[in-house]
Each structure stands twice: as C-alpha cells, then as structure tokens.
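Alright, structures below, take your time with them.
Below are two complexes that have subunit A in common, paired first with subunit B and then with subunit C.
Our next item is the complex of A and B:
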C-alpha cells in the first residue's frame, strides 16, 4: 500500500517537472485540451451506454431469441462477403435486411449510422487504392473508368452492410443475452465470463482514465499527451489500481456466493417463433445470393420500356 | 490493423475463426486446470484496462503528435500467454460488436493477427527467452521492444496474406507489403517503448506480478507443439470443408471464372497476384448483365447462356442501364417495405392507445 502512495507522489513530481517546460498558464490551450479529452473519453463510454440502453427496449425483434439473432447475423455476413469484386447488383437486395430490422426494432437509424461514419474512413482508405491499381477499364455513359471503381463501390456497400448488421445485433440483443447465446454455442465458460467482466468494467476504468487525464492536463497545460517520463507511471498506476480492483471484485463475488456461472434470469427456450425468424431470413439470404433480383427487375423494366 | 468484413471472403474468415477457436479452447482449458479462479476477474479488469489505456495519449518525442497502444504484448506479459490471448479475444469481440472496429466474420483474423502472434509467438519465443535468467530493467526494455516489433510485423504480414487470399481488393502483393510493414515497424517501436516503460514501472512497484506471469507459477508451462498441432488440424479440417463447400457453391468471383474459363481453380504456380490478374482479364464486367445482353442480341435464346463468352470491354450502354435501373428499383422497394412496416406499426400503436 505504502508503495503505491510513493508512486502517486512520483507521478506528481513528474507532472511538475513537465510543467516547468511551459510555465506560463495558457487558458485557451488548456480549454481546448480539456474539451478534446472529454470528447475522447466520452466516445467509447457513450457508445456502450447508448447501445446498452437501446438493447433494453422491448420490440418484436428484441424479443427474438439471442441465438437466432446471432445466427441470422452470421448468415448475413457470410452471404454478403461471399460476393465477388464486381457483383454490385446482387448486393443491393441485402439492404432489405437492415432496413427491416431498423423499422421493426425501432432503433433510431441515426445512432447506428453515426458510428458507421466513424468507421468508414478505414474502409474507404482500403478501397480507394483499387481505382489506382486496377488497369482494366469499362465505359459508363461515354466515360472511361477503371474497374477499380466498381471494386471500390462494392467494398463500400459491403462495409456499410456488415458494420450495420453487427451493430444492429448488439443494439437489439445486449451483451448479457449475447453472452447466453455464446454459451449455448459451446463457447467456454471462462471466456464468456471474462468477456462480460471486461464489458462491465470498461465504463469504470474509462472514467478512471478520464479523471487521471484531466488531472494531468491541468498540471501540464499546452502539452500534447503524456510526457515520455511519465509513460510508465501513468499507465502503470492504472494497472496497479486495476489489479487491486480485481482482487476486490473477486472477494465481492465470493462473498455473494459466486459459483462460476453468470445468470441473467431469463427464459432461454428456443420457441417456434425464433425458429421461424431464423429459417425465414436464411431462406431470404439464400434466394438473394443465388438469384440476381435487381438484375431481374431491371431487365423486366427495360423490356417493358422497349415494348 | 483491424480487418473489416468487407475485405475478406467467407473461406478465409471461416478458416481463421476455426484456428482462433482452437487456440481459445486450448487456452481456456489450460486456464481452467492451471489457474486459480481468482484470475477470472483479473482478466476481465485487464481487458477493460486495455480499452481505458487506448484512451491515453502518449506524446511521441520529436514529432509533436501522440499515439496510443494496442496492448496485446502488455497483456501477454502481465497475464501470461493463455490468459493474455483470451483477454485480447474478448477486447476484440467488444470492439467488433460495439464499435464496428473489425467485423464479426473477420473476428478470427483479428484475434489471430493481434493476439496469437503477440501472446504465443513474440512473448513465447522472444520475451520469455530474454528474461528467462532473471528480470532486470534493461532486459525488460530490450525484450518488450523486440517482441512488440516482431509481433506487429507478423500481424501486419498476416493482414496482407489474408486480404490477398480473400481477393476482395486489388493490391499488388509487393505494394501492399511495402505499405504495411514499415508503418507497423514504426507503430511496433512505439508500442514496444510504451510497453517497456509500463512493465518496468509495474516491476519496480510490484515485482511479484511479473514473476508470477513469467515463471508460470499460476499459469502453467506452455507446450507449443500441442498448440501448433491442434491449430494445424483445425485449419486443415475447416479449410478442407470450407473449400469443398466453396467449390460446390462458388462465390461470385469463382463463379464468373468458372463461366468464362471453365474452371474455378485458383491455385496456379504464377503466384496469387498473377493468378488474380489473369482471372480479372477473363472476368466480364457484371457478368449477369453481359450475358443478358448477348441473349438479347441472339434473339432471346433462353438457354445456352453458360457457354457465352463476352469480351472484356463489350458492355453496351443498354445492359448497364438495365443494371442500374434494377438496382435503384430494388433499393426503392426496400425503402417502401420499410415505410409500410413502419406505417402498420404506427397504426397498431394508435389502435392500442
């Protein structure tokens, strides 16, 4: 115990040293730093809390068995990602799934799409190289374009579909029920248990880091990030605190009669409705994957227009 | 370095998921037998620590910018390889589910790239060897930096291989490698330095934490042979099953090759990239449309489409138009369905109220 107080003292000295470099207080910078800090701390925090809240809603989709939803999501991901680089039209049919789930589950689309926008730079970054590297061309409306643009477009569509499907799964199911589904699939108990604990403690430790960063920023104004001299002690302090916390968590769990299983106290029987949900969607994905529905509609429409 | 679902194929994703499941099951078994249950909350809290630590901005000297850590190596050092691997796996699952960082299908790839190479290769073969004969600050420094760099280099190279094997994006192998490896060298050095600083701090404050993890008091000793054998069997089994599945239900790319070249064989001695570009030469733009066009030209023959071979640039405006019209109509239909369901729901709610 004594050791950690000494270390807290050490971190303080470090802060004062780094402060020496920029002695004059600069409230403008400080303000900006604090705002940035709060924003970054809020992000992961906000997301988890928000998705947790959405998962507690009660709609027909929320009531579907978690295992059925998990399997449908996996089937969807497999179907979407099995499309080749130049198949765009077939992919479009798959928008039917997220739109239906959005409407039925009453999940506000904005909350999921916002997250999608944050992820998209990564997908765009990988995809945008294709127009540069593919030398084949095609002609669209008199303009010669690289086939890489088609690849790029298909990557964008796939990215939007897959990320949305994963977020919708958790927003309509929640972590506890998802963990139950994982157990039913035979995922080891110890993994599911520590997954749930990790999930539970993210907000606790995030808050702790936010407090530490705020304290640090106040003592080291105008400095970007944690100084090299405090690298070890800053994160190290958090580790030591986390170890102590784990000890307390363990004692509290034992004191409350923890037997090694995490109960959510819900009916977990797989009903006919769940089976219908599962088989219905898988049938739809299979049809949409095997037949090019938009191509079919398109050729009917153009044929009608000609005659 | 998280891979997204948009860039991988089901066969690659499935194989890597199976390999990851194999390693995870083995680790879970090891922990259940070798570790006292006290470690479960420790793993949970350390997983949350990785999330929290990723928020910390470490200023990078001489650049005026700041970066954060991935944490795979740190987990292996503090918890040992098995618990470290499982903890990394749960961190990545939460990232995929709640943040869309890396997909669910790509989950196996991500756990393998970020967890396996750090916990079972870099930690086991480098870190542990260096500190075997007693821990010192200097040894922690050298071991952390080298193992973090090697772990990330292996992970980055695995990303390149997995992406190329999936064939969802066209990047020449050489260019991709030259893009990934140097960037991850820089990241690896940063990660290694921060890991070293943190580990030596923990070692000074609480040496028993590191000693327990390093000398396997509670974590047992690892048998790499068993891990690798299990891994190979799992990969072979699932790879075999999946590729059989894939060839009887070929995916879009293979399907179009089969149609144009009469074979779905992807493995050719010329290397993946060469093969892919050959395939690309033979693949028609939106195959469905081009054969529908030839259908129209040959007077509406319904059958005998499969043998039709359309040359690459032969995409008439008519077929592209039908494709675009069809696509837009499908989307319109989707939106309409959504609106109708929403309308019905609203009316129902009104009726109740």
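Our next item is the complex of A and C:
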C-alpha cells in the first residue's frame, strides 16, 4: 500500500508525462487500479529501502564493526548448516543468537519475519517430500512416523535460522558498510561494486516498472495486470528505460569523481569491543556446536528434581 | 582569473546512430559570468553540457578548462572544478541519506572525514536544508530534492556550476527559491533551460542553440527580447517580456 500523501505527491511529480496520456480515466477504476499498483511494484520498492533505513538506527549492535558482524554471521551459517539431518535439539541453542540480536538492535521482528515468510515457500519446498521418501520410521506417542518428518523439521529450522541471520546482518549493517567489510576481507572490487550497483538498480528498476504499470492501467481500466499482448513491448520498454536511467545515474556518479571505490567515510578501525563481539559469538557457536547444551540443561534439571 | 575560464573550440559531436548533435561550436566563458544556454527540444543543449563536463568526448574540437584540455587523463582534476547538476534529481541522489549523497563527491576525492563533514554542512547551509541531512533522498519533495542535488555539487567546491533545467518540475515557490539561490552564487554559472524567465533573471549572457549550432550569443536582455530570433529557434518571448494579458487587450 501507499504509505502517505507525500508518496502520492512524489508519484505525481514523477509521472506527469504518463498521467498526461490518460485521456478518460474512470475515477472508480482508476482508484482501484492505482491501489493495486501500489500494492505491487511500488510497495516492493519501498520494502527494499526499508532494510537500509533500519540500518541507520543507532544501537550497540549497529555500532559494531561491519567486518565483525559479517564474520559472526558467516560463522553462524557454517555452524548451523553443519548439523546432521536428525539433530534438532542441538539446533535449538542457536535461536539464542537471532533473539539476542533482535533485542539488542531493537529491529522490529515483524519487518524481518515478513521477509522470512516470503522465502519460506522455498524452504518448505526443499523438505516437503522428505516424509514421503524416507523409509525409516520412529514412534511418537504411539503413532508411527517417517523419519522424514525429523529431517523436514531440521530443514525448516536451519532455513529459518540462516535466512533470519542474513536479514539481520543487512538490517543492522546496511549495504554500504557491508560492501566495505567485503572489501576489507579482500573480495575483489569488481564483485563488491557489482553487488552494490545491483542493489541500487533494483530500486531503479522497480520504480520504472511501477511507472509503466501506472501508465498502462490508466489507459486500460477494467484490466487486471498487463495483457499478454503487451508483454513484449512492455519488457522491451523496460530494458531500454533502465539502460537510459542507469547510464544517467552512472554519469552523475562519475561527474562527482567516482572511480570505482565506494567510500562511506567512517572510522574503520577494529576496536576491542568489535574483537570481543566476534570472539564471544564464535566461542558460543563452538560450544553450542560441540556440546549438546539443551541435553546438558535437561540433565541438570532432572538431577535437581531428583535431589 | 584565467583558470576559471571555460572554452570550447570547434566542438563537433555525432551520436553512434549518426545524428549530428553538435556542429562546430566555439565560445569562451570567463570567470564569474552567468550564461544561459537556450534552445528548442533536441537543439543540443544537454549534449553540449555533457561535452563540457567530459561525460562525452567530442568527435573533433576541444574543451579547455582554464588552460587544461579535457581528456581522459585530466578528467579527475576537471570534474573537481566543474559541478554538474543533472536535470532529474533522482539521477543524482542515489545514496541512502542526504548527508551521504552530499558527501559522495568529497569522499571520492579522499578528503578526511572531518573536512568532508564541514563541506557537507556548508553546502547544506547554502541551499537551506541542513535539517534534512538524515532524511532519505527518495522521500523528499521535488523542491527539496532539487536543493539536495545542488548541494551534492556545491560540496565539491567547484569553480564552475553547470546546470541542466534547474527549475524543471518545481512549483512556483520552490522555483523562486532555486532562482534566488542561483542568484546568490558567485560561481561561474552555465544554465541550460527552457524557463526563459529564470534565465533572464539569473544570467547576464545567453547563447541560443539551434540544430547543434550557436544561433546567437550575447547580452541576455537583448537576445531574450528579440522575438524574431527566438521564434526562428523554436522559442518565444519570456512571459515577463510578453504583454500583460489584461492591459494588452485594453491597448489592442
């Protein structure tokens, strides 16, 4: 949905030429079409930028050096994905990491979980057939179940953990600083630049799509989406427009002395705090990976109950 | 001061599709001059600006900034001295905050962060939007975006400001603000526009471009009141020069 009247104003400015082309828009359809359009392309545009906005908050997690956060995230991904397919209890300890980051960074959980939901069909798709294909069984509460259910659950947990960790990294660091961290790790400039420009141009592209959709809908009231007959010219137009726009952005960058290195001008020294953050988490991941923490806590509980 | 001089010598440029956009243009702009470049759509104004800033290179002829010829080698130095404000502020504002966008240029020139900060705040003060520094550029209004895009160039402390349609798409009040802003700059200014009233207010000299050539070059007031010349170049008299609709009817 459209966020505010200011956004409507902005669209008005951007689309003077396209709206001028609408000769006889029907007010009722127009309204509905506009709402539909905002919900699609326009919305995804604002969504993408939303993570960047979260990254500008100022909390203890946001202040940690981007390189430390990147390395911790990589360590987390490696640790989580290294678990065996039947090992679920060990994975549970790793929920401690995203929960801690959520709390300390004050990132609204909904904004991350919404994106996790977007990816969830992919994760479910990977494991949904496991219960059918695995032939071993186990008994739970008198019901015989395929061990596939365990591996399916393990895939779900691993997927949720890794995607959340990656999203949290972007939301607490921001693309610019993340790119800086990649450069510090020695990732070649060309790849980092590719990543950054792709990220920037996604919004350029979706904005262009939104404009074209709007212009189309205004002259095709009563139609849902874009008719298949127009797909070819629609896509062609989009490519040409994006080329032009991308070239102008590129020229604007070059005119201000851009030579290929993205400089965000922040203090890049690795402080003791960053080192403590990095080593603390890696120590935690190592312990959680090697020892069965939930099992250990469980046995302490039972021992306490007995004595 | 000769190093603020901008000179074009026999410039010609053709696009790859064979369209000859600029034909043998020569002129010289001196320190502190304010020059309006006007002409119909497709006359070659934008191409000319791109040639001046080295975003395009001429097929023949040369551009001199001071005594330095614009070539690939001299570009980094040239671009520090020529500030180009693009027609669409959305093309120019691509960072996540206004501050970062204004700091983009100075950081590319490797200034230390303290000086970058000073320059950014100074530039934002000049265009009157220091309070917007932490806002996301895509959320600003048209006028604010225009001010921000001008600030991105001012922070590089250029000697020469080049602007493509600085008042396009602005409401009357925002347009007025931009005009006052342009008048307050002491830089050498080159302004390409269809807003002839704005050109009349901000520029002392005007170059009229027709089909890639300079049709006239001279004092703004003289050229902008020459109805015949403007008409032959696909333009018309600035509104402020045309008669008042009420009075002229009475007189007529």
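FYI, the second predicted complex is superposed on the first by the 244 of 307 C-alpha atoms of A that agree within 3 Å, B and C clash if a C-alpha of one lies under 4 Å from a C-alpha of the other, contacts with A are read in each partner's own complex, and residues count from 1 in each chain.
The criterion applied here is as follows: contacts are C-beta pairs under 8 Å (C-beta built on N, C-alpha and C of every residue); 3 or more make two chains touch, one makes a residue touch a chain.
All of these numbers come straight from a predicted model, not from anything done at the bench.
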> Given the superposition on subunit A, are subunit B and subunit C in a clash or a fit?
Replying inline: fit
> What is the contact status of A:299 with respect to subunit B (first) and subunit C (second): first, second, both, or neither?
Replying inline: first
>> Going by the contact rule set out at the top, does A:245 touch subunit B (first), subunit C (second), both, or neither?
In response: both
>> So in the superposed three-chain picture, is A:255 touching just subunit B, just subunit C, both, or none of them (first/second/both/neither)?
In response: second
> Who does A:174 touch here: subunit B (first), subunit C (second), both, or neither?
Replying inline: second
> If you count the residues of subunit A that each partner touches, which comes out higher, subunit B or subunit C?
Replying inline: B
>> Quick check on the superposed pair: does A:53 touch subunit B, subunit C, both, or neither? Answer first, second, both or neither.
In response: second
>> Just checking: does A:184 make contact with subunit B only, subunit C only, both, or neither of them? Give me first, second, both or neither.
In response: neither
> In the superposed arrangement, does A:200 touch subunit B (first), subunit C (second), both or neither?
Replying inline: both
> So after superposition, what is the minimum Cα distance from subunit B to subunit C, given in Å?
Replying inline: 8
>> Need the overlap of the two footprints on subunit A, from subunit B and from subunit C, as residue ranges.
In response: 200, 245, 249, 253
>> For a test of understanding, state which residues of subunit A touch subunit B in their complex under the given definition.
In response: 3-4, 7, 40-41, 44, 47-48, 51, 73-74, 77-78, 80-90, 92-93, 95-96, 99-100, 102-104, 106, 115-116, 118-119, 122-123, 126-127, 129-130, 133-134, 136-141, 147-148, 150-151, 154-156, 158-159, 162-163, 166-167, 169-170, 175, 178, 188-191, 193-202, 204-206, 208-210, 213, 223-228, 231-240, 242-243, 245-247, 249-250, 253, 260, 292-299, 301-302
>> Taking the touch rule as given, give the residues of subunit B at its contact with subunit A in the complex, in rising order.
In response: 2, 4-10, 13-14, 24-25, 28-29, 31-32, 37-38, 40-49, 51-53, 55-61, 64-67, 69, 78, 86-87, 89-91, 93-94, 96-101, 103-105, 167-172, 175, 193-194, 196-202, 205-206, 209, 251-256, 280-281, 283, 285-289, 292, 312-313, 315, 317-318, 320-327, 329-331, 333-335, 337-338, 341-342, 345
> Any idea which subunit C residues touch subunit A in the complex?
Replying inline: 50, 53, 55, 76, 79-80, 82, 84, 86, 88, 90-92, 94-97, 100, 103-105, 107-110, 113, 116, 134, 136, 138-139, 141-142, 152-153, 156, 169
>> Applying the document's contact rule, which stretches of subunit A touch subunit C when the two form their complex?
In response: 6, 9-10, 13-14, 16, 49, 52-53, 55-56, 174, 176, 200, 203, 245, 248-249, 251-259, 261, 263-267
